[in-house]
Each structure stands twice: as structure tokens, then as C-alpha cells.
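Scrolling down, you'll hit the structures one after another.
Presented sequentially are two complexes of chain A, the first with chain B as partner and the second with chain C.
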Partner chain A sequence: MINKNKIKRNWKIFWLFSKFALKTTFQTRWGVAFFIGGKLMRFFFLLGFLFLVFSKTKSLYGYSFQEAAIFFMTFNLIDNAAQFLFREVYRFRPLITSGGFDLVLIKPYHPFLRILLGGVDYMDLLTLVLYLLITLYFAFQLPYLSFINLLLYLLLLTNGLIIATAFHVIVLALGILITSVDHTIMIYRDITSIGRFPLDIYREPIRFVFTFVFPIALMMNLPAQVLIGKFNWELVVVAIVFAFGLLGFSMLLWKKAVKHYQSWGG
Partner chain B sequence: MISVKNLTKTYLVHKKQNNLLKDIFFRQYKKVVALDDISFDIRDNELVGFIGPNGAGKTTTLKILSGILYPTSGNINILGYIPFSKNPEFLKQIAFVAGQRNQLIWDLPASDSFKLNQEIYEINEQEYKKNVADLAEILNCLKMIDKPVKTLSLGERMKMELIAALLHRPKLVFLDEPTIGLDLFSQQNIRHFLKTYQQKYQATIILTSHYMEDVKALAKRVIIINHGKIIYNDQLKNIIEKYSSEKIIKITLDDNCDEKNLTLKEKPFFYSFPEIIYKVDKKTLPEKIKMITETLPFSDLTVEDKPIEEVIKEMFRKS
Partner chain C sequence: MNKYLTIFNVTIKEYFAYRLSFVLWRFRTLINLIVIFFFWFAVSAKYTNFAGYSQPALLSYILYASLISDFVIGTRLGDIAAEINNGNIINIILKPIGFFNYYFARDLADKFINIVFSFGEILIVAYIARISLSTPQNLILFVLFFLCGLMISYYMNLIIAFLGFWTTESWAPRFIFTILISLLSGNFFPLDMLPKTLYQIALLTPIPYLFFLPTKIILGRIDNYLILEAMMAFFWLLISRSIAHFIWKKGNKSFSFWGR
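Moving on, here comes the complex of A and B:
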């Protein structure tokens, strides 16, 4: 049975962590300006690159400009939402090497409230809203957009976020087991960045690898394919099963890691 | 309150092979025993000092008792809970304060971290305000609460850490080197606070410290640990009686005494005119005092116990 009081309490703690993360962020206002400026510059540069490609060709492996833009925006939505929620993961290594994680483990809440969700980055929320608006702009330009596809798109965006959550939990577990966070999170970022564009542009076995080994296609591409109506139902089921399977695996790895935690820096 | 039976903890440590390639590709590990089958009990409202050299196993014990580390084997029961199961009801009754660890949000005032702990430990507003005021009063630090943590000195920060950790009035407090790095004045303040806190709130406290002054000022009972084994578990005052076979005789020679004519019948432990110090066997104390009073012209004579630090050092050497 769902314990309403527990959810309410966890929500309050999450809210306070987020509030204090925001207060901390605004200690350096110039830092905020440079961060947002840099992010927007990279985003518009890549969108401009897409424009440039389509000024020379009418389609990209059968996809129109609007469709390719949906792929690009879907990647940005999931990637940005993961950064918005899980920014604290990037700061996990110092917590481990300094032994500060000890003080997280003795608190009467799930450690994920602090180390996974404890540093919500509101600067990413600004870009997330912008990306959402641009996605809707491109989506409503599609000639065949349906309500069902839009609903399924939201479902698979959530599914993509579940896969992203599982990856971040794996990064945290590896942070404990091998004290390496920076490298693993960068590997995750580099691999997921392949999902900016339709994976159909790659040949086999690359497509297979990025569908079933590193599930970038299921995470980033499938929602876009659903929105533009070019998908198969089997893959949707596979994506949902895969997401929950990966989440289960990540939780098992996390439990193992906590059991093997050696508490460094003391 | 605390029952520990046959607790053992081994760490897996990378074994250096003096060969970079082997260390990277064929890494070997060895087991290091941090705690070796230790057992002890601690009653309610006790303040027990854990003493031991670096690497003896003090902090590991505290971390296992608080549920941070998973024990390799043994049984632990604290307040009716098994620590590593991390039952929230257990965690709400304990606190862990470490001199080298920081739970406060660095860029923000300590009051923000207190607010967070209020929510985490589900303290109602009235109780929260009272607890902050009480603790800040004992520590004399009410003005510091609203200053960003990064602007506080180490001593001031430690006071804030203590408030944050004790805000929920834990029944059991683990203190791992709470005075490390502090100046003498701050050390004294923290000791005074801990003593007052324990008396006022009837908390059970387990303290580790390298400063014997902390232990002497606070703990009646000590557990001495070395190489992962308990070598002493009793009242602090009994250590000297049980383990020191020597007494110290300190003599200040008479100002009129001519150093050139002085003949020292017994070889002193220390001599720098006009001060002489003898270390003598307890059994021969009356005989030695007689000899000294008959042969040396002195203005002052005192008999003292060997310093407790010396006795403990000797215990470490023997164990």
C-alpha cells in the first residue's frame, strides 16, 4: 500500500533540497549566465547545422526536416530532463572520496533523495521549457499528428527518462565500487549524444548495438518515431520491458555497492 | 542499549606488486582485518571513550555501529535494531558527528541546513525552535546561525555541525574526533558542550579522540583498541591502578644547595637543577622517599602517578 505520509515527507525533503540547490546556484550569478549562454549556443548551433544539411537535401534517410528536428528535440528533452533532475550525480565523487557520503547514509531517508535528486538544476528547467515549446512547434507542423501518437510519445519520453534514471543509478553504484564518476558519466553522455539524429543513418551492426546493447534507440529515437508515426509496436513493448529491467538491475547493483562501501577519507 | 558480539570487519585492499603493468592488469588484493572478533556492551546514558592509535579500528567500529559500514561477521543490536538494515526509526535515534566531515551546505547559512534536518527528522516547529535555541545557547553561537557556513572558522563550523547533528535529540551519539584541528579554547568549549548535553538530555555517547584531554574530561569508561582487538574495557581511573607499576617523584632542590657538592645516589629519570624527577617502582616507593629525604636538600617533593597517556602508550607497545 502506498504510504501517503511517506510520499508527502519525501516530497518536502526533495523540495527543500531543490530550493537550497537554487539558492546555491545563484551565489554566482555570472556562472548562471555563462552556463545558460553556453547551453543555448550549443543547441542553436546544432539546430542551425540541421538547417544547413536540409538546405542541400530534401530528406535524411527518408525523414523530412520537421521529422529530423523531432528526433533532435526528443534527444534534447530527455537529455535535459535527466540533467535537470540528476545534476547531483555529477558531484558524487567528491562526496565519496571525502567520506561525506557517510553522513548521507545515516539519515532516515533513501540516499537517492540526496545523491540522485538532491541537486535539481533550475537552469536546466529554463532550457527544458524552451525545448518543449520548440518540440511542440515542430510537432504541430507534422501533417499526420494524432492525439494517440502524442500520448504514446509522452509515455515513451517517460520511458526514456526511466532508462536515463537507471544509467544514473549505475553511475552512482560504480562511484562507490570504483570511485569513478566523472568518466562513467561522460561515457553515458557521449553514447547518448548519438541519439541526436535518427539511428537509421547508421549501418548494421552499429544500429543493433545502439538499440539493444546501449539502448539509445529505445531511449531517444523510439519516442520520436512514435510521434511521427513510423514505428512498430513490438519495439515499444521491448522498450518498456527493457527500461524496467535496466532499472531493476541498477537497483541491485546499487544495493551491492552500498554493502561493499568502504567509507574512504577517514 | 548497545550489544556487540564477535564483531569482525575485513577490508579488501589493493596489494602493491612494485610493477606498474601487474598493478594495472593483474591486480592482487589482500584482506586487512580492521576489527578482530570484538565484543562489548554499552548501557543507557553512558559516555564511553574509544582510544587507539591510527588504524586501530575505532572509526570502523563507530561506522559499523551507526550502520554506515556492513560488518563481515558478528551480531550487533542497538536500541533493538540491526544497524545496517538502516531502519528509519533507528536512524532517527542516532547522530554521527565527525570532526573531518561536513553535513552543512557550504554556501548557505547553517540555519538552512537545520531547516532541512527539521524536515528529515520530522521535528515540529515548536520543538525545532526550542532545540536550536537551547543548543545555540549552550554553545554560545546564536549569532553565527545566519552566516554562510563558508565564512565561519573551523571552531564555529564545528558548533554548527553539532547543532545540525543533535537537533533531533538523538538517544545515541557517535562522536568521531570532534575536536580535531581546533585550538585549545575551542576544544574546551566543545568538551564543555558535550558534557552539558549528555547530562541535560541523558544521551548515550561514544567518543573517539586522539586528544586524551577529551577522553579524560568526558569519559568515565574507556575501550582501548589496538590492531582491531580490545585490550582494555573498564573505568578510565582503573587503568593506572591496573597497568602502571611506577610512580613519579618530583623534587625541587633547595636554592641554597650547591650543585657541585650534590651526589645523586639514584640515577634520576630527569635532572636539570633545581628539578629532579625519579621513576620508581610502586613497591619500593616508601624506601626511595626515605632515601631521598635523608640525602637530598629539597624545598618541595611531590609523588604523582605516571601520566595516563604514558600508561596507554605502554599498553599499545605491549599489545
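Moving on, here comes the complex of A and C:
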């Protein structure tokens, strides 16, 4: 049974951490400007890159420019939303190696409130709004957009975010289990970057690996395929089942990691 | 000379102390290469000539650019800003070694170990894709442009790192710098695919001289502006070197070396 008081209390703690995160962000104003500037530069460059490719060819494996742009924007939406919510994961390893994680574990709230959701990144919120508007711009240029497809797209975006959450929890668990690696989260980012383009363009075994081993196709590509109307229902069901399965696995791995945790350095 | 060789060896040993971390770093590089390589593989498959490139030429460009960029861009200079901020830099300055040479030796070790792995990776990708790589050409010219690119990259990285003398936020300009390099230096596509005016504007900046022009030259794609490009490469080398030395002197004077 859901405990309403517990939810209310967790929401309050989350809100408090988010307020602190906002104050921290604005302590480095130049950093904010450079960070947002850099992110926008990368985004517009890659969109320009797509435009450059389509100025030399009419279609990319059967996808028009608008359709390829939907894939690109869907990747950006999920990737950016995950960064907005889970920025604290990027700072987890120093917490482990310094022994600071002990201080998180002894607090009377779930550690995910601090190490997963405790550092909402407001700089990513700005870019997220921009990406959403540009996605809508491209979506409304599609000749066959329907309300059902749009609803299903939102559902699968959420599903993609659930898969992203599971990956972030796995990264946290690995942060405890393998302390010698300091860039696990960047490995996740690099692997997901393949979802910028439709996976159909890649040959086997790459396509297989990024559909079934690292489910980037289900996470990043499927929502875009739904929006442009090129999908099958079976895959939608598989994606939803897979997302919850992966989330369950990530929680089990986390519990195992916490059991193995040895306070050190603090 | 021996002391710099020792620094070189010690830096390589540092990598082997964190073997798993290094292997995963190379895995990341391989993923990035696969993403862009097979993207172009698919795009150029239907064309005998795509924006002036045949498929083998375009794919050879991507692989050669990856190999050369690993050497030119790979760096340990990002550590300097943190060393300035926490005061550790004084430990290096007080030693009887040249600061610039010390970091150059560390940088070379980083580049050396990266290129060894990078070479293996491009052979794997070329084998999977069953493509024959273009034979290297114009080797003397290539070495000249390559050395210029290498030194420009070294001095540009130093300039960014030295901002640590005045701010603890030098990560921010480095973030912009890394993005600029990763996007505009020719990792994603050969820059001469750009509309002509944009390409010419790009040639006025130091970024294409890092590894785009060396790659173009080794693939035998020399254009009519070679002398002008050589002059620009040399110009950017001199400018970046002068700025790096100037900022180093200014930084030393204004910095109080706190923390030690």
C-alpha cells in the first residue's frame, strides 16, 4: 500500500535538494554560460550535420530529413531529460572514494534521493524546453501525424526514461563494485549516442548488439518510429516489458552493491 | 633528456596501474568510431561519388582521421588547471625540470599509448567493414603538417589550462574547447564537404590544422592552396606558442601559490 506521508516527505526532501542545486549552479555564472553555450553549439552543429548530409542525398535508408530529425530529437529529449534528473550520478565516484557515502547512508531517507535525484541540473532544463519545441516543429511537418501516435510517442518517451533510470542505477551500483573505473557514466553516454540516428542504417552485428544487448533501439529509436508511423506493436510491448525488467534488475544489482560496500577513506 | 624519458615511462606505467579504466576508455573511443564510421558506410553505399568522395576514400578518411586525431588531440594537460587550483603546481616548478618539457613528455606518453590501441581498433573496423584502406601518400608533407597540428594542439591545451591561474572554473572554457575540437576539426566528416565559403572561413581558424589537413594530405587530396595552408599552419603554431608562454609568465606573476 502506498504511504502518502512517505511520498510527501520524499517529495519535500527532493524539493529541498533541488533548491540547493539551483543555488550551487548560480555560484558559477560563467560556468553556466559556457556550459549552456557548449551544449547548444553541439546540438546545432549535429543538426547542421544532418542537414549537410541531406543536402547531398534525398533519403537516409528510406528516411526523409524530417524523419531523421525526429530520431535525432528523440535521442536529445531522452538524453537531456536523464541528465536533468540524474546529474548527481556524475559526482558519485568521489563520494565513494572519499568515504562521504557513509554520511548519505546514515541519513533517514533513501540514498537515491541524494545520489540519483539530489542534483537536478537546471542548465539542462533550459535545453530540454528548447529540444521539446524543436521536436514539435518537426513532428507537425510530418504529413501523417495522428493524435494516437503522439500519445504513444509520449508513453514511449517515458519508457525510454525508465530504461535510462535503470542504466543510471546500474552505474551507481558499478561505482561501488568497481571503484577503479571513474567514467562508467560516460561509457553509458557513448553507447547511447548511437541512438542519434536510426539503427536501421547500421549493419549486423551492430544492429543486434544495440537492440538486444544494449537496448538503445528500444530506448531511443522506438519512440521516433512510433511518431513517424513505422513500427510494429509487438516491439512496443517488448520495450515496455524490457524497461520494467531492466529496472528490476538494476534494483537487485544496487542492493547487492550496497551489501558489498565497505566504508573506506572517510 | 634521460629525466624526460623517465617521466614518459612513469606516465605509461600510470596507465597500466588503472588497466580496466584504460581499456574502458578505449572501448568508448571504439564506440564513437563505430557510430560515425558505419553512419558514413550506410550513407555513401549507394553513391559512386558522395560530395567528391568515393566510398573507400570517405571511409579511409574517417579511419585515418581517427588515428591521427588520437595522437594530436590526446592530452594530459587537462590536469594542469586542477594542479594550479589546489597548489600542487609548486611541486613541479620547484623541481629541476622544464615545466613545458615535463608536460610535453607526459603528453607524448599519453599520445603514444593511445595510438598503439587506436591502430589496432581501426584495423578491426576496416576488417569488419571489409574495406581496403587508401595507401598513405605525401609522407614528408604529412609529417610537416602533422607536427604543426601536434604543437598547435599542445599550446592551445596549455592556454586553456593556464586559465586556472585566474579562475577555478577553467573546466568551462575547456568544455567549449573540447566541443569545438570534436565538432569542427573533421571528426564527423571531411571539412571540405562544407559549402565553399564556410570551408574557407574554417581554414582561417587553427582547428582544421590539428588533424584535418594532415589527414587530407596523407590521403593524397592536395588542393591548390597548399602553400597558403602551410603558412597558416605555421602562423597558428607561432601565435599559440607565443600566447601560451605569455600567459604562463603573467600567471606566474599574478598567482600566490596558495595551499602548499
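We adopt the following convention: the second predicted complex is superposed on the first by the 262 of 266 C-alpha atoms of A that agree within 3 Å, B and C clash if a C-alpha of one lies under 4 Å from a C-alpha of the other, contacts with A are read in each partner's own complex, and residues count from 1 in each chain.
Here is the rule we go by: a residue touches a chain if its C-beta (ideal position, glycine included) is under 8 Å from a C-beta of that chain, and two chains touch if they have at least 3 such contacts.
Fair warning: this is a prediction, and the values are worked out from it, not measured in the lab.
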After aligning the two structures on chain A, examine chain B and chain C and state clash or fit.
fit
In the superposed arrangement, does A:G38 touch chain B (first), chain C (second), both or neither?
second
With both complexes overlaid on chain A, does A:K23 touch chain B (first), chain C (second), both or neither?
first
Check: chain B-chain A-chain C angle from CA centres, nearest 10 degrees, reads 90
Contact-wise, after the overlay, does A:S263 reach chain B, chain C, both or neither (first, second, both, neither)?
first
Quick check on the superposed pair: does A:D182 touch chain B, chain C, both, or neither? Answer first, second, both or neither.
second
After lining up the shared chain so the two structures overlap, which partner does A:T57 touch, if you call chain B first and chain C second: first, second, both or neither?
second
Which partner does A:K12 reach: the first (chain B), the second (chain C), both, or neither?
first
Identify which of chain B and chain C touches the larger number of residues of chain A.
C
Identify the partner contact of A:D190: answer first if only chain B is touched, second if only chain C is, both if each is, neither if none is.
second
Who does A:F49 touch here: chain B (first), chain C (second), both, or neither?
second
Considering only touches as defined above, state whether A:I206 meets chain B (first), chain C (second), both or neither.
second
Note down the smallest distance between any C-alpha of chain B and any C-alpha of chain C in the overlay, whole angstrom.
7
Both chain B and chain C contact which residues of chain A?
none
Give the list of chain C residues in touch with chain A in this complex.
18, 20-21, 24-25, 27-28, 31-32, 34-35, 38-39, 41-43, 46-47, 50-51, 167, 169, 171-173, 175-176, 179-180, 182-184, 188-189, 193-194
Going by the contact rule set out above, which residues of chain A touch chain B in the complex?
9, 12-13, 16-17, 20, 23-24, 27, 98-100, 102-103, 105-109, 258-263, 265-266
Given the complex with chain A, which residues does chain B contribute to the contact?
11, 59, 63, 66-70, 86, 88-89, 91-92, 94-96, 98, 100-103, 105, 107-108, 112, 115-116, 119-122, 176
Quick check: in the complex, which residue numbers of chain A touch chain C?
28, 30-31, 33-35, 37-38, 41-42, 45-46, 49, 52-53, 56-57, 60-61, 178, 180-184, 186-187, 190-191, 193-194, 196-197, 201-203, 206
